[in-house]
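Here come two complexes built around chain A, the first alongside chain B, the second alongside chain C.
Then we have the complex of A and B:
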């Protein structure tokens, strides 16, 4: 993937505009009525830079992108893109939104051709570039397939091709990988890096902070203002803290114990899946303190590692300082839950065929009350179809389902009233206010009148929306809608809860709050089936199944899954991660290599023998390995391995 | 121009992919044609009529025969020799009373009076019956050469439709249906196509390119005119097969008029599309506005002269009004450009206004706050 343009002779405007910044924002402001979405944003992005934008939901990211793309007028301030007002620079811009802006009833090729036509791409150039781009993203075999029939990850790759077809100088990406699985979104970023290497300026917002770590500079936006701006190293240093990665027997109790100790050394304690990240001013002292504290509580420690803080550490820490940690309020439970351990859902040989396409193949699941079961898999693997069959929205083609003791008529009202379902697409009515939506769902699920105010209040408080309950739902940022939708799906205290990507597009702090609530429900005896693309969250699950192409290919507890991974995982830091990854993917099997933020993760069967060879290969390309050390598998590593190996078979 | 053409192609391939839209475009108009073509009858048929013939001569019997020959009336029994009893019981809608001196008066070349008792509960029908009997009587008198033909040039043309016993009413209705079908459906399709881009967010891609509002709308305009031409051809062929409609005289006014009319309909659809936010609104806006105006204010069902003042002024800006003039001329009268030359101009003016309004609304090609 050395040269992204098939023809090298194209003289792009960017060579002549090298001295002009790609983007200049001076005191940018935007108000919608009384609401000030952007309050004085100033930033300069240089040509060829990969610039990351991170921030909580409703921080003003989307508004900023819309202004940069020239599709919305700023209220005040100066905006220039490639030295021009955005509207005049539009032909040199590529703009990708969270919502796929593809024509679903046109084919892949037709979508590309249409985008090319819009941007005055000459036929000859289109004929060369279109097949080339499709080949780069692996969509070549699907030229005739309708965009509507592509999986989420493929759609976004196609959207990227559409944005790239006209050879833009600036690429604006507004959370394009939201809801995209870990494998696909890595492929997406590999492409972006290749594009940027060609001199294209990339400005990207993302809810995945490991992706943001791949940016040269990162701006943390909060409340319509830039709170912090700099390279990953700058941001880390600004924190002035070090990170301890603590793996202990029981993460939750360990966190409680450390929190309760009130030791001033523990500046911030954050749970990441199966480990605790503890930010401390001094690593050695901090480690000692952690060991002491946990020893007092007789909590066994598996390992403690010292490392630099991650971007997520910085982000979470900053937002907590801002006081934007959403409040945790326990749910006002009114019913006694089901006895834990009883079977809530079982399926045997569950199948679903759409026409000639087999979406689900022989799925066997068992989920008990009080259990959180994670259904993981790439986009289009069949997770949503399984959920729809389980909650009676879709009849299975064959197979057996038992749900809350019922085997037939799962769509009956009394069965329905015992389940809660939060679908991937927002289930709220955009044209109702938040309060009207919540009242409506209370009515639908038969929440008794006298309990309604309390429950609705709980949702509003949990979402931090008190006093804003009369806002139209349509005007909420995506992440907030998710929170309200979650609230709406649990108000009736279901015994069985289906959550289809509940945290998609939700910022890290709110995601933590989500999971705390989910754990609460499980603790009370609710059976929960959840899907997510944030694998570190999936560590919260008691059991999980990995789906590939309609089949469950691996099942078990998180530690089972991680324990069953072949080989040893090695984490590396190199001088050029992207180039190193590209090279190693050619030399090794591709599933063995993946980029995690500013690190490289490589699965080796025999690190001691193989590492020197890798070092030589990389050295030949002038890439130096700074550090390489064996680390335990995370679920994300496991996911990438499982999915990619299954796809090869 | 190239980009407009690209829009045009994209719009057409999107259209043919969506089976529901294709059905909407081609099957619904046929349904409308059939329903309106067969169901709307301004003329009443098979009205039960009882006869009290006091004359009972050869001439009076011939007259009665002539009346029933028109299919407008069917014989109903006369009860107890009472002309009103059958009407009271609902067996007959009217009774014709022929005076004893019927044949004698006619032979004296004097004017004769027959009495018709009509059930007045259905005012509309009553008028139809009254006119029907009057017309048959005229025809009878003329055809039997009982009164000398008097030249009545202008009146004949207008009156014929009502007063011709063997007449085909489809000739009057079907050209009007064209005005409804070719207005409602193209505008609805265009409005859906426009609003769908908003709903699905694809319009952002357009905003982010430098395509102008006029280019974007023109691409859609052309695509839906093309689809509208398809609809027009199918409707015309089916109407020809079912109702025996033929193009009379010069076909060019119909050709030009239809294209201009389709353009205006599509422009109206685009206008509704850029104004509304969702497909439901777009469909309702175009359907309700289209059916109301094209049916009621176009002279299709109610003569424009009969429409009271504020509405009659409104009817002047209803393109269907002008188009129906064209179709009636092309499919019935056949006088060509002479009678309808101004109509395409009027339609183009109104259509142009809608298109201009649509581009004005979108001209910034940006999100509004």
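Then we have the complex of A and C:
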């Protein structure tokens, strides 16, 4: 159980303390056969609280949600929702999962009306609430569009609206923002914060830890038990460490150098995009040690900042202490010689039109062997369509494609055997075992029989699934399926690798392992085209393109992209981030304001002059700015700015 | 040997193994292959069994003679008919038929006995309720049969001239004239069962891949469209062949069908027909977006296929246009083959047109579906 008791003042439930807790779990247990998924979970959630659940893949989060939602019975323990058993409380429950729970043949409005009808929402209330909800998440213009034609992010926002239409008292969210772009998921959370302020209790699991930072209390679950429970401040303080944000020329070599130094000051070293987060007991001493070590290795330092640890730092550190860092095993490469030529993929003026909808407009790309190219953009911007055209699954309406030196027939078997492809959705057969899946992909890609055991073993070891290879794939948690699917797509040593959101729904430690492998493949000459909604991962890319509404609006290396952002980014801590964000979005252009965990990021043209004005505006609403300091743009800041500015045009 | 080794380490083998593992895991498909064919065959076979007893017979006997009573006695003798009413007039009898209270009405004219004694043809009239076409056909067949036998008892054999048989039946079908019934249901039902099971099972295995989204991944592998489909076809083909064996065992054991022709030839031609069914199923799967659509589309195709095939209703009873259209129904050809081989002893020489037609259908369906399969993603 928790290492310390949560402070009641932090919880601050809005309703009176005598009221029934929204959720009570007492020693909850759930077993599937021999496997104990949840081992004695106890927690009380107060009405109006936003409660976050974080944990690695397979920690027991989904099982807990299914029990809370009354979909599944607990093996032992007590569960009560609003003082009743879950099944009796279900009219007051909203439950949202990773999979879209929408009717794809119905329009946005029809879906809403259906959900309202199921829960007997009076017409008058529906007429008031539906437009409000749609407007909150930017779906207002799409009322007549069929749900099946919405992008992934829009679908999840609509699913949230459907869950909220009946004014539920408790909202259960099982990683609903998986695969949702940074702009959409912020809109999603803005709406969540708004409904929580109305008294709705929100319990949310999320793979994005900056989202979890917006929760009032957070439980870190691991191995079916709550390892830690408390407010963000509690969790941070429990580490008893400070964070150094180090930006150096080459992050990977800097990390190696620091790791190799073995200095006791460096409690944990974590890469986070273009920077290293180093956890140290004392900031000043630690900084000195970092500067000395890197100077020894002649690695130039761009900047060192001292700050409090982030939730991700806590998470990664705790899991590493548990020894659940997935092993890094180098891929058993058999391929001799690098691919011929230099350029793997080029396109000129690539276009795709579906009916009257222009999905892709004049895309020009060049990707070399050994290069990692990131294709970034909001949901529905056309990334997947571009990938499908590049691999010959979809014929382009016009434009020129060259893939592995081939221009005419991209679907020829010998071209296909040089390509690896991992699609956004299910790549594996759920009704086969893990081993059967891997053997199948080996066979179908023509991996020679004698090499197959070694490659399959590599996948199993990398995923930590040895001894479980006869498990049915369907029973694996989502994040693990992704890992196996990645393994399946590279066993034949492709020269060109397409990865469409490979890390969506994968926990932070496994994502780091993923990228280490991806960098490995690039290093050995594989050209890689990857999409992701984790922008800090995109720092691993050599080059990237930002797509908005079918067009590539910005292209370049991560530093080019960040360098081209207008204005100066200011990070703020305020007493009420959500209210401050709502206010400032109203007063400034909306793209200038976004919430990053427990911070506000604001883009100002001239901070020295504008900050005092902002301070006044906020003061008028009783919001105080604790701290405000200029920070460099991250890719996520750049993404939000680029996407939102382009949408305004 | 070398070729075999290549085959078993190659892509096709990987695909076939995967399909087999999936099918074996999928209890539903195994169930779908075993249970419905058995039930369909038993239900259709028993329900359509031409052995009928206890048909209600109404009699309007204007003759009221010993001869007429003898004729009625002959009709009820073997329990096929039971006399449920005697009516005064033909009109009253007609009303009974119309009301559905009796299946057949026998009208014996006043001069029946007299004409018989003068060795003249003595016409009797039979009114049959044609609403239930099957029973009507059966009733008609029995009346003719029994009257013929009665005739033979009357004439002093051998007369040699069938025209001068003493009693002449004139059968009038009310509501549904010109229908024939036959004993050939079970071979026809075997064809129907193979069509339904084969097309449904193969379309669901293809559509499932599209439903869950693994199809895209599969198309990205070096496997060619035909390899992917071939891998889906082979295990299904083996299982459906098991269905043929199951159906013929039931036909032999439960319905006592003679299987006079070459059984291996029957198996071979059934195998050919399976390719047609699987091709049809895959074709349907390429038309539909999801499982629901494919089931509904298969109704749209399967019902006319069965109706036109002559498996249940005789082709001879169709209007000329449909009679010609039935040549484009693969099931018609298979049913003809099955009947010929099960009930008669004929060889390829008598069946080559049907065999050729099946081969053409198999190539056509499989060819079109392979082409559509690749093209469908865009």
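Please note the rule applied: the second predicted complex is superposed on the first by the 627 of 649 C-alpha atoms of A that agree within 3 Å, B and C clash if a C-alpha of one lies under 4 Å from a C-alpha of the other, contacts with A are read in each partner's own complex, and residues count from 1 in each chain.
Just so it is clear, a residue touches a chain if its C-beta (ideal position, glycine included) is under 8 Å from a C-beta of that chain, and two chains touch if they have at least 3 such contacts.
Since the model is a prediction, treat every value here as computed from it, not as a measurement.
Colleague: Once chain A from each complex is brought into register, does chain C clash with chain B or fit beside it?
Modeller: Here chain B and chain C cannot both sit on chain A without a clash.
Colleague: Is A:72 in contact with chain B, with chain C, with both, or with neither (first, second, both, neither)?
Modeller: first
Colleague: For A:440, is the partner it touches chain B (first), chain C (second), both, or none of the two (neither)?
Modeller: After superposing on A, A:440 lies in contact with chain C but is clear of chain B.
Colleague: So, A:32: does it touch chain B (first), chain C (second), both, or neither?
Modeller: Once the two structures are laid over each other on A, A:32 reaches chain B alone.
Colleague: With both complexes superposed on chain A, which partner does A:408 reach: first (chain B), second (chain C), both or neither?
Modeller: Neither partner.
Colleague: Regarding the shared-chain residue A:115, is it in contact with chain B (first), chain C (second), both, or neither?
Modeller: first
Colleague: Could you tell me if A:627 is touching chain B, chain C, both of them or neither one (first, second, both, neither)?
Modeller: neither
Colleague: Quick one: is A:97 in contact with chain B, with chain C, with both, or with neither? Answer first, second, both or neither.
Modeller: first
Colleague: Now for A:419: first (chain B), second (chain C), both, or neither, which partner does it touch?
Modeller: Second partner only.
Colleague: Just one of 206-214, 224-232, 278-286 or 296-304 in chain C runs into chain B once the structures are overlaid; which is it?
Modeller: The answer is stretch 296-304.
Colleague: What residues of chain B sit close enough to touch chain A in their complex?
Modeller: 2-3, 6-7, 10, 13-14, 17-18, 200-202, 204-211, 364-367, 369
Colleague: Across the complex, what residues on chain C touch chain A?
Modeller: Answer in residue numbers: 9-11, 13-15, 17-18, 21-22, 25-26, 212-214, 216-224, 374, 377-378.
Colleague: In the complex, go through chain A and note every residue touching chain C.
Modeller: So the residues of chain A in touch with chain C come to 388, 391, 393-395, 411, 413-414, 416-417, 419, 421, 423, 425-432, 436, 439-446, 448-449.
Colleague: Under the touch definition given earlier, write down the residues of chain A that touch chain B in their complex.
Modeller: 32-33, 66, 69-73, 87, 90-91, 93, 95, 97, 99-106, 110, 113-115, 117-120, 146, 162
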